[in-house]
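Okay, structure first, notes after.
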């Protein structure tokens, strides 16, 4: 009896963990292969198409990002102020501290997660629909390389507009946090609106993150769309895979850059 | 055919979608136990008209009665008793893809008659048997051709012992053999169970072989209402054009 | 200028229409709660499926969350030498805010999106109408059980995710900051009460309801063929994110 219960309670979860690992590894490999193809096709990029995608990502997500980041700013300042009241009783570092965290961490990460939902899902739906209706193959027949035509502009567009929308989102969060802190906890304007904690390395980390997310979200979403199979159901699955995949990519890169930044600051 | 006790009565029904009028004052009666065809060109709103009976479409104006009960303005919940008595067979059959054929038929029985799934399956098998489809029981809808799917859809609609059945384009998209078999099933069901059958169609062959009565709609108006024999000899120019365009295919079948 | 005003008005109208639709879904669902008229077999089936669908992704997200929290604080910890606080702030932020929120976002991307696309497909193929004609209430058979499953499932996933996040955070703290496991967990247990944990679970319940209502609304109102399914899923993910942050804001600042 022992081997059976052991297989149920121990081996089976282990086996499925192994399967997930294998499956995840294959997905990562496929995304990286697409990334390599994008690099090879970089010289053929068309500025107009890049600009179009940059606008698609940035302008059309603006309303959404602004709304979400306004909530984020208020939530964070309220939480931090409650904590600070309990522990140190000093609310004067909330503003500059929040600014530093926003620049280094929250503005790039949360904005990128939102872009994954808003833009990534749209990319996967559009490319997935093209894939299942054989339009991608049709492109290939017109000897237009689908990757340079479909994926490269999206990746470069993301790279250009993600940092911009991160700046906008961060600014909105900072201001809304200031309002919440002032009216909820009586934090003075001048003590909140300070940027003294932010050092150049924070800005560098924040920018690197934003740029990396700007590449990762369109890349993963394009991969999800181009690997769609089987009609309307396949397009739906591709959309889901784009959101989940690019969110995981964002969190993973966030971890990597955060750790790298910490190590770099120590040396 | 103004009888004392019609099963369904449409009077002065107006329906418009997004400002575009589909029906502008349609009135007609359906007699108990008859096979009543509603014909017309595609897009004339035949399906829309019968969907009002089961509350899938709500008319803007007019009155519709089912067995003397007014159904216009009923709430979704109030339609449930009506729907159990008046079932509909959808154009695409619309079987539930994750359920076997048997369970497609058994599901409404289990849900409405408070019986166990085993008893419901037993009853469902009997219904399928009566439609010569017992052998399909364990298969999934996706593995069936359109003719067989329609057969199962009729079985599912009969599962609740309705007194009336609405057929939305039952022969459209079927090959001639499957279409004629579906016609026979409609007729058999009508005779065996005495259900009133309303058939939305533009298949003249169906009308000729199984229809008791036909109402012809064109541009939101009723252009003909009478027995099939008179329909094929009608003088109304719209009806004549429709009959003539379809008669060549009737001759071949 | 006028076109901007026009666009704002259009957006406002669309938001209002969606909010109204969601309120209707919520009302109709609650209406069927007492006396319970849901399909309990569907509830069990949905719970199982949602668990299977989202466990791996939630585990991964939670592990990242715990580690990111430690990494973010690492600079400050070193600067001020407060190694005894690592467990405390990691637990606090993960339990109360970041854990439920990130798990909620993933849950909406996985389970909510699936629910939306399923309902949208059923609407396109007239299966919803077929159920109605069979006098079967879509809310009782499909929507109420699944929304309940999302509420219960989200709460359970928050508990599960919290454990994973804390575990990953402890490992990360050990590797990066040489904080011993005992010290990490001691700081966590000493300074955090059950309330910190329960607030997160409570948020999980609320987020589950939000995702259930939003995904149902976009599924039931999808239009326009297979492209419409994709659009509905996209709109669902976006609206869920806004709704989650909004509810989070309400729960942190208004109902303290």
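Every chain is named by a letter (A, B and C) in the order it is written, and numbering of its residues begins at 1.
Basically, a contact is a pair of C-beta atoms (placed from the backbone, for glycine too) under 8 Å apart; a residue touches a chain by one contact, two chains touch by 3 or more.
Since this is a predicted model, take the numbers as computed values, not measurements.
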item	value
For subunit C, the least number of touch steps when starting out from subunit B	1
Chain centroid nearest the full-protein CA centroid	C
Farthest chain (mean CA position) relative to subunit B	A
CA centroid of subunit B to CA centroid of subunit C, Å	44
Separation of mean Cα positions, subunit B and subunit A [Å, integer]	52
Centroid distance [mean C-alpha coordinates] between subunit C and subunit A, Å	18
Of subunit A, residues touching subunit C in the complex	20, 63-64, 67-68, 71-72, 74-75, 78-79, 82-83, 101, 104-105, 113-114, 117-118, 121-122, 125, 128-129, 180, 184, 231-233, 235-236, 239-240, 243-244, 247-248, 251-252, 254-255, 258-259, 262, 265-266
Touch list for subunit B against partner subunit C, complex	54-56, 76, 79-81, 83-84, 87-88, 90, 92, 94, 96, 107-108, 111-112, 156, 160
Touching residues on subunit C, where the partner in the complex is subunit A	11, 56-57, 60-61, 64-65, 67-68, 71-72, 74-75, 78, 92, 96-97, 102, 105-106, 109-110, 113-114, 117, 121, 124, 176, 225-227, 229-231, 233-234, 237-238, 241-242, 245-246, 248-249, 252-253, 256
Touch list for subunit C against partner subunit B, complex	125-127, 129-130, 132-137, 141
